[in-house]
Amino acid sequence: MKKLYAVFAVLLVAALLLPACGASGTPDCSKPETFCVGLVTDVGKIDDKSFNQSAWEGVKQAEKDLGAVVQYIETTDAKDYAKNISTFAEAQYDVIVTVGFGLGEATTAAAQQYPGTKFIGVDQFQAAVTPGVAGLNFPEDQAGFLVGALAAQMSKSGKIGGVFGTDAVPPVWRFGEGYRAGAQYINPNIEIFIVYHSDVGFDKTFSDPEWGAATAKSMIEKGADIVFGGGGKTGNGAVIGAVEAGALGIGVDTDQYYTLPEAQKGLLSSAMKLITPGVFDLVKMAKDGAFPDGNFFGKAAYAPYHDLDSQVPAEVKAKMEEINKALLDGSLATNVSPVKP
Amino acid sequence: MQAAAEKPARGWFVRLWRAFVEAALVPILAIITAVIGGGIIIWVVGGNPFAAYLGLLQGAFGSTRAWSETFVWATPYIFAGLAVALAFKGGLFNIGAEGQLAFGALAAAWVGYALPNLLGVQLPGYIHLPLAILAGMLVGALWGAIPGALKAYAGGHEVINTIMMNYIALNLTSFLLNGPMKDKNPLNVIARTPEIAESARLLPIFANLRIHWGFPLALLTAFLVWYLLWKTTLGFEIRTAGSNPDAAKYAGINFKRILVLTMALSGLLAGLAGAVEVTGLNYRQELGFSIGYGFDAIAIALLGKTHPLGVVLSAILFAGMRNGATRMQFLTQIPVDIISVIQALILLFVAADAIVRKIYRIKAREDRLVLTRGWGG
Amino acid sequence: MDWRRFSFIGIIIILLFGVVVLIGGEQISPLIIISSMLATTLSVATPLTLGALSGIFCERAGVVNIGIEGMMLAAAFFGWLASIYMNSIFEYSPAISLTIGVLAAILTGGLFALLHAWLSITFKVDQIIGGTVINILAIGVTGFLNRQLFFDKGSIFGGNVPHAPGLLPTLSKALTVLCSGAQGCGGLPSLIAGTIFDQKPVAISAILLVIVANYVLFNTRWGLRTRAVGEHPKAADTVGIDVRRVRYINVVIGGMLAGLAGAYFTIESVPSFEPLMTNGRGFIALAAMIFGNWTPFGAWAAALVFGASQALQINLQFFRESIPPAWAFLQQSYVVGLAPYILTMLILTGVIGKTTPPAADGQPYEK
C-alpha cells in the first residue's frame, strides 16, 4: 500500500507541474511574417464532406498558395463557440473562419474583442457592418433554382423529389424552395415531393443517410425519377438511394461527383455553393490588406454533368446556360424568401 | 499524509482521509489505467500521447481562463450527475436526465423571457431569477416523476420509459423552438428562444470570466443532496428502498411513494442543470445546447460511486477533459473523440473494479452496485 | 404471444397506412401508396428487428443488454472498414469484399458482446453499466478511428480516399447474376423484380431469422436451456445446465445479430459510415423487444409498427398540401414523430396486455 501512495503523490505533483511547462514546436503567430488562419466548425465534424470541409479546403488552399499556417477546432457544444474562437484569437491568428450561421453572434462579439483579427463568417448574413467581419453568403435559392429547372427538363415522369435536412436552417430552406421554384419555372404542372428531416433532433437531421435513402426510394416508388439530396449526409443518402434505385440524383454544396463516388453513374449535377473559392478569396484579401467588412457574396452554380453528359440534350444545356445568365444578371428572380416564413 | 494513512485511525481528519482513500482508490487507479490505455491508442495511430495530454491539461487547468471554463462545463455535469446518482441510490436508473434537462432549460427560458411580458410588470431580480430556476426544477421533477409513477403503479421499467421520454422531449423541444417559442426577431434564423430578461440571470462571479454563480450553487446542491441522503428520514428511506427493497417493505416504508419521489427529485436536479445553464450561461435555450449531458452524467455518477462528493470530483474531471479537448485538438489535431474512448475506459475499469484490483494487486472488498432488477419492476 | 397483441399491432399499422391513403389517395393510386409504404416499413424495420432479436437472445438467457446501440454502431463501422480494405488493398471483387464486410460486422458485434458477457457474467458488473460502457466505447472508437484513418487522405475534390465497393444487391439483381440472366431459373428474377419480395440480403435474413429464432427458442433443447437459465438459473443448474456457458453463448449470438443490423447501415443501405449513424435505433429495438413481449414474432411486429410510423412521417410530407385543415396537426412532423414512443410507454404500462420479462433477467448468477 505504501508504494501506491508514493506513486499517487508523484503523479499528483506531475499533473500539477505539467501545465506549467508550455508547449513548444507550434508556430508563433504573433510574428508579423507568419500568416495564420484558423477555422472553427459549427456543431459538426470537419470531415462532413460538405459544409465544414469545403470551408476547410479553402483554408488549406491558403496554406498551399499563400504559405499560411492553418489549424482547425471542432465545436462539440454550441456554448463553446466563443471559447474556440478566442483560442485562435489569443494565439494571435490573423484570420479566423467560423462556419455556420450558428456562430454569427459569437463571431461579431469576438471581432469587437480582438480588433486586430479578421473574421470570415460563412453563411452569416451581416445585418449591420462590424469592422473586421466579412459574412460569406451564397444565393442557395439560385443554385436550387438551377437544378430544379434541370430536373424538370430531364424528368420523363413529370415527378421529381427533394430530400433535405431541417427547414429551420435558412440555407437549406432556400435550396429546397429554389428547387421548387426552378422546376415550376420550366413546368408549372410538375409534381414535386419535398421532404425535410425535421422529425429528429438538430444533431441528427443532417447525419441520417439511412433515412435519406429510404425516403428517396419511397419517392421513386411514387414515380419520381430525379431526386435532389440537399442536406449533409441525409442528402447524400438520398442521392445514393436514388441512383441505386435507377433514378437520377442531384447533389448539393459541392460537386458531389467527387464526394459520392458510389453515385457517379447516376449523378446528373449538383447545386453548388462555391464555399472553397469564397473562403480562399476572402483569406487572400485579408492577406493583401483588402478585407471587405460586411457582406460578401459567393457564387452559386450547377456542377458539370460528368458521366451523363451525353444524355443531356443540347437544348437543355443551352436553356441551363440561359437561365444561369439570367439569374446572374438579375433579369430572372427566384422569388424565394430568405427564411422560412 | 502517507504515514498518517498507515497508522491506526485516531483524529477525525485521519479517519476522513482514510475513508476517502478507501473509496477513491479504485476510481483513481481506473482513471490512471484508462489514461494509459488512451495514450496507447493515440500512439498506435501515430499521435504523440504526451503532447496530447499536455494540451489536454493546459486546456483544462493551465490558466485562470481554463479553470473558469472547466468549472463552466462542470456546473451542469454536477447537477446532472447528482440527478443520476440520487436515482441510483434509490435503486433506479435514470437515463432520462437528458430530456429532463432539456425541459428544465425550456421552462426556465420561458419564465425568463415571456413571464414579464405576460404579467405586464418588470419583475425584480430577487423574484424573477428564483422563479425561473424554480420553474426549471418543477418541470424537470414532473418529467422525472412520470416514469417513476409508471414504474410504481403500472410496473413499466424506468429505463425504457426514460429513454422513450427522451425522444418525446427531443421532438417537443424541436417543435417548441421552431414554432411557438422561437425568437420572432426578424434577424433571427436559429431555432431558439428570445434572450431572457436581465433580471432572470445568474451573474458571473468575476468580470471577464464566464464562471457564474451556478457553480457555487452546484456545490451547495451537492452538499444538500448529501444531507438529504444521510441525515434525513427521507434519505434513509430512499437508500433502504434502493439497497434492500424487501427490508424497506417490512420496515413499513411506502415503497411506491418513495419510488415516485426519488424519480421526481432526480428529475428536479436534472431540470436544475438545464435551468442554471440558461440563467447563468446561455441566457436562452437553443437547439444544439446541452446535447449528451444526460449520458455523460451516467458515467459521472458511476465514477463518483454515486456519492455527492465523488460526483463533484468526477464532474470536474469530465469537465476538464471536455474543456481541455479543444486545446488538445488545437495543438495536436488529435480528434476530440479520444475523450469518449478514455471516458468509456474509465467507466469500464470503475464498473469492473476486479480488473483494476487484479492489475494493481489490491485486496477485494465486497462493494457492488446492483441496479438491474429486470424490466418488470 | 397472444392474438390480442397481434391484432392490436395490426390495427395500428392499418390505421397508419389508412391515414396516408385517405389523404393522398386522390393524387396517387392507393395501391402504389400502400406498396411503397410497405417497402419503407420493411427497410426501416430491418435494423430494429435484428436489434430486438439480439435483445431477446440476451434477455431470454437472463442478461440485460442495453449496449445493442453501441454494438450496431461499431459493427457498422468495422464491417464497412473491412469491405473497403478488402476492395482497395487486397483487391478482392466487390461481391467478396461486401460479403467479408458483412462477416466482419457480425464478428464485431460478437466481440463487443463478448466484452459485455465478460463484464456481466464473469465480473458480475451491473448489466446496465456494462451496456453503457459498450455504448460510450463504440461512439469513441468509431469516431476516433474514422477521423484518423480517412481525413486528410484526400479532399472533397477527389483524391485517394479509398471508397466502399458498393452495396449489397437486391434479391432480383443477385438472382439475375446467379441464374445468368433475368429469364434464367424459370424467369424468377424478372418475376420478383420490383415487388415486395425484392429485398436485400440483410432485410431478407432479418425475416428468416425471426422464424429461426422462434424455432430455436421454443422448439429446441438449446432454446429450452436458454429459457430455463433466464427464468430459473438455480433450477437449471441443479439439472446440470452450465448457466454461465449458456449465458455466454446467447449473449454472443445476440451480439452477432446486432452486428448484422450494423451491416445493414453501411453495407446494405448506404455505402458510407457517419459518426453516430445508428441514431438511437438500438434503443428503439429494445423497446420493440419489450413491446413484443420477448418473443421473436412479437418483436418483429413491433418493429413493423415503428417502421410504419416512419413511413407515415415521410409520406405525410409528400401530401402536405392535401392534409385537411381539421387534421392540421399532422403537418407537424414532430408531433407525428411522438406516436411510437408514446405507444411503447402505453404498452409498458400494461394497457394492451401485460408484458412478462424472463424472471431472472438482469441478475448475475451466483452459485
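The chains carry the letters A, B and C, assigned in the order they are written, with residues numbered from 1 in each.
Going forward, a contact is a pair of C-beta atoms (placed from the backbone, for glycine too) under 8 Å apart; a residue touches a chain by one contact, two chains touch by 3 or more.
None of these values were measured; they are calculated from a predicted model.
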Touch graph of the chains shown: is it line, ring, star, complete or other? complete
Two chains share more C-beta contact pairs than any other pair here; which two are they? B-C
For chain A paired with chain C, centre-to-centre distance based on mean C-alpha positions, whole Å: 32
Residues in chain C with touches to at least two other chains are numbered 147, 275, 334, 337
Chain A: which residues touch two or more other chains? 198-200, 203
Multi-partner residues of chain B (each touching 2 or more other chains): 171, 174, 178, 335
Which residues of chain C touch chain A in their complex? 27-28, 32-33, 35-37, 39-40, 43-44, 146-147, 150-151, 155-158, 163-164, 166-167, 264-265, 269-272, 274-277, 279, 310-311, 313-315, 317-318, 333-334, 336-337
With touch defined as at the start, can you tell me which chain B residues reach chain A in the complex? 1-2, 5-6, 25, 28, 32, 51, 53-55, 57-58, 61-62, 69, 72, 170-171, 174, 178, 187, 189-191, 277, 281-282, 286-291, 322-323, 325-327, 329-331, 333, 335-336, 360
Interface residues, chain A side, partner chain C - complex: 45-47, 49-50, 53-54, 57, 60, 191, 193-196, 198-200, 203-204, 207-215, 217-219, 221-223, 233, 236-237, 240-241, 244, 254-255, 258-259, 261-262, 276
Chain C partner contacts - residues on chain B that touch it in the complex: 41, 45-46, 93, 150, 154-157, 159-161, 163-165, 167-168, 171-172, 174-175, 178-179, 295, 298-299, 302, 335, 337-345, 347-348, 351-352, 354-355, 368-376
Would you tell me which residues of chain A are touching chain B in their complex? 1-2, 4-6, 8-9, 11, 15, 18-19, 21-23, 26, 43, 71-74, 76-80, 83-84, 87-88, 91, 101-102, 125, 127, 168-170, 198-203, 339
